[in-house]
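One chain, subunit A, links the two complexes that follow: it is found with subunit B in the first and with subunit C in the second.
Coming up: the complex of A and B.
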C-alpha cells in the first residue's frame, strides 16, 4: 500500500471525494478493484520509466542491463515450481527494458503492456498449483523467533536436502533430536518444566516444518510428546523429568515403530507363497524389511521393483534385495503396464492413512495400485498405526509437497533427450522460456477402493475400517491401542 | 509366394530393410513415407505382365519389410493400402477400355449407374474372373461389393452382402447371377503396364497425404480444446504436438506433459509447446494420478491403431488412460489413418511388447547391481478400446468401435497375411 504514496506523479486516480488531506482515509476510499488497477498502472509506468532510462545507459554499458536481470533470475529461481511465477515477474520487466533499449521509445508502452498481460496470464494459469507447498521464500528457518538447538538445525538441513527421506526415518530422526534437546534443556528460574519446555519446543518444530512440511506420523508423535510434557508433575526433579520424557520417546519409537514393524512382518510374511511374484514401488522401510525377512526365513519368490523419477528411491531397496539374493526385476513406472500380467501381489508402503482409508504415499503409488486392481492383483499396504491421520483428503491436490528439484528453466543442468537408438541429444535449456515450468509432486492419494487390505500391527483390516480402531481415536490418552 | 527377381529392386528393398532392422528408421510417419517411396520405385521400375505379377512383387517386398521390423506397423499398412489402390485402379481401368464387351459396361437391366459403382462392378467381375483362374488355390474370397445382376447399388441383396464373410458373398453371387460366372480369362497383357502412370499418381497421393497428415489431423483442433482447459499428454508425438499448437492459435490453455522417462521425450514436447507460447508444465510420470483430478482431457498419440479399436502407444499410456477413466476424464488419441493396422491378436498386451536399451533405466554406473538384476525398458503399452473415447484422425473423428469398418474399407482381406 505504500506504493500509492511513493509515486505521486503517476497516481491519476485519487478521487476528490471528501477532500481528505491525510493518508489513511484516502486509502480507504479506493475500492479493492480500483486499488489493483492503480497498482497495475503504476507498475506499468515504472517499467516504462526504466525502459526510458535504459537508452541513456545503453551507449555506455550494455552489460549491466543483462547482469542485474540474471542476478534476479538466479535469486528468484531457487524456489521451484509454484513460485516460478515470481521469476517470470522479475524476468519480464528486465527483458522489456532490454528490448526497449534496442527498439526505441515509441515501442516502450506497447511492449510493457504486452509483458504486463503475459504476467497476468501467467499468474492466472499457474494458480492451481500454487498451494502445493514448495520451497519457502527466505530459506530455512526464516522468520522463526527463538533459539534453535544445533541438533534441529542439522536435522532441518538434512530434511531440506532430502538426505533423510521416508516417514519412519524422518520420525525417528526427529524424536532422537528431541531427546537431545530435552537433555540439554534447563528450566529457567520460576518456570515449570511442563509449561516452558512445550514453549521451547515450538520454534524447533517450526524450524523443521520450514525445511519440509510436517510428516503425519512425525506430527502424531510430537503431539504425544507434548502431551507427556504437559502432564509432568511439578514435584518431579528436573533430571528425573527429563529422563522420564526420554524414556517415553524411546517407548514410542520401540512400540509404535520398531515392534509394530515386527508384527507387520509376521502378518505380511504369511501372505507370501513360494513362487510368488511380488511388485513393490519406490522404497518403503516396512516392505523392505518384510521381503528380506521372508527370504531369510526360506520363502522363495521374485520381486519386481518399480521406481520413478525424480526420487529414484527404488534403487536403494533394489540394492538391499540383491544383497540378500532375491531375484529382482527393475523398471520405471511407465513399464508397469507391460509386466502387471505376471504379478501375483503388490506390496506398498504409506506415508499416512486417512480416516476414510485412503492412503497418502509417494507419487506413483496410486498408479500402481490402480493398475493392479484392474488386473485383479491384490494390493497390500503395509503401515504402522502411528501414521493414522484424522483428515480426509478428497484428492491429491488438497495436500501435497513439491520436490525441490531445480527448475528446468533456470537450472544449468543439461536435460538430454534420447532418440530411438539411445543417442543422447542435448537440448539447450538455457533458453529460459517463461512458458515452461516443472512441478514434481512428491505424494499422491490412493483411494481405498484401489487397496485390498491394510496390514497394520493390529492385524489385517480393510482400509476403510481404520477409523474404527478405538485406540486411534482417543489420541489424548497417549499410547493406548485396543488390540 | 514368390520372391523378388529383379536385382535393382532387391537392392533398394534391402537398403530399407536394413535401416528398419537397425532402427535407423524409426517413427510411424517416417517409416510410412520411406515405404511409400520404395513402393513407388518398385511400381515405376518393375517389369510385370499381368497385374497379379505386380501385386506379388509388392507383396514380396512387403513381406521382407515386415519381417525386418514387425514393430513398425505402418510399413505393412502402407503396403496393404497400396495393394488395395492397385486393385481399384486396375478395376477402374478394366471397365473403361474400348475392347470391353458391350454388356459389361452397363448393368443387365440397361439402366445407368454412377461411375463409382461401375468401377466396383467391374472390380467384382474382375475378381470373379480372378477367382475362376485360381480356383484351385484356397485363398479367401476377395471383395464383392455388388451382386452381378442386381438392380442398383442399394438393392436388398447388397445390404445382405455387406459385412458378411466374403466366401458367403461368392456363394450368393453364384446363386443370384443369371449369367453365371463371368469370363474367367485374364485381361490382355498390354493393359497391365498401361496403368503404371495411374498407379504412380495414386501412390503420390498417398505420399501427399502422409506429408500433410499433421496438418489435417489438427485442422479441427480448436473445437476439441476450450479456453482455460488443462490438457494432459505423455511424451512426444508429432501429431499431438501439431494438434496442440494449432489449438493454441485460438485457445488459451495449459498443457501438462508427463516426461516419459527414460527416453525423456516429454522434455522435448514441453520445450516445443512452450516455444509456441503454450503454458506448459512438465511433470514426472509418477504424478499422472496426482494431477488427474484437475485435468479436463487426456490427449495421447498412437503408434498403431488395431482393428478392435485398441491402440499401441508410448509406455505409460495405459496408466494415464486408467487414471483418466477413474476420474471420468475423456481420453483422446490423435493419429493419422495410416497407423490403422488390420492385425489382431487375442493377447494384445503381448503384441505390444518391445524393449529398448535397459542401460537407460539402470546403467553401467550401477555396475554391481546390473549383473544381478533383470532390467526392463518397455517401449509400448496396449490400451484397450474401452478406455478410449475418440480417435481424431486426418479423416475425421472416429469412435473405437468403428475401427473394424475402417479396416475393411482400407485394406483387402487377402493382404492381411503377406
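Coming up: the complex of A and C.
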C-alpha cells in the first residue's frame, strides 16, 4: 500500500483501512484509469491558481494545486475501491479534499512526476524556465470569476500584445483604467463601498495579471489604491467617495511619476557635462526625458543608443533623440565592448529597485552595467521611488518573464531571418522544428555593485542606502510602501 | 527670520570664496550651520528673539571642539600597542587622536607622507615628535614601499560625501587603493559637520575640479600631428587622452623646447620642484570611493561607508520633509 503509507500521516489523513490488502493493484488501476481525469483537474486548478495569484505565487501555485487535487483523488478512489459503496465515496472526497488541502505537501510524489512529465510533453512548452508564466491555455483571463470591465479587457489585450510596454506606461494605463472602473461602479444594496469595491477590483487585477505579470510599480500603486479604498468613510456619499478616489489616483500619478520625473531630470542633468558621451540601453521613459531636456536647455553631448532583439525598443528612443537634434550612434548590444572605452557615463532605466540596491530591468541592462563598471564608467540608474520593492533578488533566474512568442496568425510583429538564398523564414515558428524553442527573457537583475548611483526624486542615493527610504516612508505615511 | 537666513547664506558664500582651497569642508560646515539655524526657527512667528538663542548657537560652535575628543576616544580602542600607523597630510582630528592615545600610554609610531605641494605632513611630524611619538616623513611616492610595514591607515578628511566616500588632500585616494591591495584597514576620522550631500561620480565630478587641472599646454605643433590631437569639441570622455602614437613625438618636441626644471625656485631643501605654471594644473583634493574605506570614526559613532550614506539619506529626507 505504497500510495498512502509513503505519505507521512499527521493525524489528519483519512484512514483508508480497507484498502490495505488491495494496495498495489489498486494503485495501477488508478494511474491508468484516472490519469486523464487527474490531468484535467490539474490543468483547471493550475489555471485558477495562476489567474488568482500574484506572479511570485504563480510559480508555486501550480505545484500545490495539483497536489491536493491528486491527494484528494488518491484518497477518494482507495476508500471507494475498498468499501465498494458510493455513498461513503461521495462523502470521503469532500472531507479528503479538505484534509488533503491542509496537508498539501504530503502527496504521492511518483504520481505527480509522471503526470507533470506528460503535461510538459503534451504542451510543447519550454523545457526550462517552467516557473515563468508562459502561454496560458484557454486564452486571456480564462477561469477568472467575476465581471471584467471593458476598459480592463481592452487594457489586458494591449498588455498581451505588447502594445503598451514600459513600467511607467503600464502603471499609468492601469491607473487610468481603474479610474474609469471606479466611476462606473455602483455600490450594491446593503454593502459598503470600502469593502465591496476592493472585492470588485480584484478580478480586474487578476485579468491584467493573466495578460502580463504584475509590474512592481503597478503593484505598489494598486496596493496604495486599495488602502485608500479601505479607509473611505462609511458616511461619505458614493459620488464623493468615487471622486475622492479618482483624485487620489491622479495625485499618485502626478506626484510619484510625473513630478518625480521632473525632479530626476534636474538631478541627472547636473551630472551631464558638455562634451560627454552618454550610453543608454533599450528604452526608458525617464532617460529619454532627461536627455531631451538637457539638450533643450543647451547642454551639448552625444548619445550611444544600445539596443537588442527581439524587442528593439531602442529604436523608439533613438527616433526621439534624432528629432531633437542630439548626435546619436545606434548599436546592438554585441557591439558594446567596442565602444565602451569612449563613453563618459551610462544612463539606465529600471523596472524595479530591490531593497539591496540591485536593479531589475530590461534584459541586457546587467551586461551593459557590468561592462561599464569594468571600464570605470559611472552607471546612473534613473528611477522613481514608487518602483521600490522590499524584495531581495539574487539572480535573473528566480523571477522573470518570457516575451510572448508572436502568434503568426494574429500578430503583426514577426521576427524573421534570412537564409543564404535570401528566403525569409519565421524564426519562432514552432511547427518548423519541434526540437527548437526560442525563449526571450524580458528582464534581468543588475547587482548593486555594478551601479554607481540611483537617481531618484529624493536625490542621488547610493544603492546600499536605498532601503532606508522605505523605512522613512512607512513612518511618514503609516502604511507599507511595498511588500 | 528670512533675512537672518539670507545673511547667513551671504556670509557663507563670502567665506567659501576666500578659502578656495578648503571649499568643500567649508561648504559642508556652512550647510550644517544653516540647517541648525533653520531648525531653531519658530513657524508662524513674524520675528524671533535672537538673544535666548545665542547660547544654543555658541554651544553648537563649541561642540565642534569637543567632537574631536569624542572621536579620539573611539579611535583609541582600535589602536593596539606597537601599532605602526600611516597618515596623510595634517588633520587636527588625527593628531588629536594620536596625542590622546599617547597620553594614555599606548606605544605607537607614525609614518606621515610629505603631502606635496603644500607640505602639510611636516606640521604633523612637528607636532607628534614634540609630544614624543616616533614619527617619520616618507615620500608621497613611497607609500607602496612602506605599506607592508604599516598596520593601519588613519586619515582625516575635508568632507564625507553621500556615497560614503571622502574628499581629502590629494594622495589619499592612492594611499587607500594601495592599502586595499595590501589588505590594510583604512580608517577615516570625520566630524559630523563635514558630511555633505555631494555625490561625485568620479574625480572629475568634484566641485573643485576645473578644466585647467590636468590640462595640457597648447604648444605650436609640427604639421603631422595636428590631425591626431583631440579637438576641443570632440565628444570624448571628459578627460583628454592621447590615442595615437603619432602624438608622442609632439610631447618630446615640446619638452625640448621648454627650459629645464627651475632649480632656483625651491622653497625647501628639495632641489627639484615643478614650475609654477605646472603646479597650477594639479588638484588640491581628491575623492576616495567608499570601497576603499574600512571605517569612519565620527561623533555619531563608528560607521561603515554604507552606514554613513544611509545616515545621510535619512537626515536629508528628514530635513526636507520638516
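We adopt the following convention: the second predicted complex is superposed on the first by the 313 of 483 C-alpha atoms of A that agree within 3 Å, B and C clash if a C-alpha of one lies under 4 Å from a C-alpha of the other, contacts with A are read in each partner's own complex, and residues count from 1 in each chain.
Just so we're on the same page, a contact is a pair of C-beta atoms (placed from the backbone, for glycine too) under 8 Å apart; a residue touches a chain by one contact, two chains touch by 3 or more.
Bear in mind the structure is a predicted one, so any value in this text is a computation, not a measurement.
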- Would you check which partner chain A:334 touches, where first means subunit B only, second means subunit C only, and both and neither mean what they say? first
- Message: Looking at A:380 after the superposition, I want to know if it touches subunit B, subunit C, both of them or none. Which is it: first, second, both, neither?
- Response: second
- Query: Can A:345 be said to touch subunit B (first), subunit C (second), both, or neither?
  - Reply: second
- Task: Go through the superposed model and pick first if A:144 touches only subunit B, second if only subunit C, both, or neither.
- Result: neither
- Mind working out whether A:458 is in touch with subunit B, subunit C, both or neither, as first, second, both or neither? second
- Task: Using the touch criterion from the header, give the chain among subunit B and subunit C with more contacted residues in subunit A.
- Result: B
- Query: Now for A:468: first (subunit B), second (subunit C), both, or neither, which partner does it touch?
  - Reply: second
- Query: Which residues would you name on subunit A as touching subunit B in one complex and subunit C in the other?
  - Reply: 327
- Query: Touching subunit C in the complex: which residues of subunit A?
  - Reply: 271, 273, 275-277, 301-302, 327, 342-345, 376, 378, 380, 452-453, 458-462, 464-465, 467-469, 472, 476
- Task: Provide the residue numbers of subunit C that touch subunit A in the complex, in ascending order.
- Result: 162-164, 197, 199, 201-202, 205, 233-238, 290, 306, 309-310, 312-314, 316-318, 320-321
- Item | Complex contact set, residues of subunit A against subunit B | 121-122, 125-126, 128-129, 308-310, 315, 318-319, 322, 327-339, 341, 362-364, 366-367, 370-371, 374, 394-397, 400, 408, 415-422, 427, 429, 431, 433, 435-441, 443-446
- Query: subunit A touches which residues of subunit B in the complex?
  - Reply: 23-24, 26-27, 230, 252, 254, 259-265, 267-268, 270-271, 273-275, 277-291, 293-294, 314-319, 322-323, 326, 349, 352-353, 356-357, 359-362, 366, 369, 372-378, 381-382
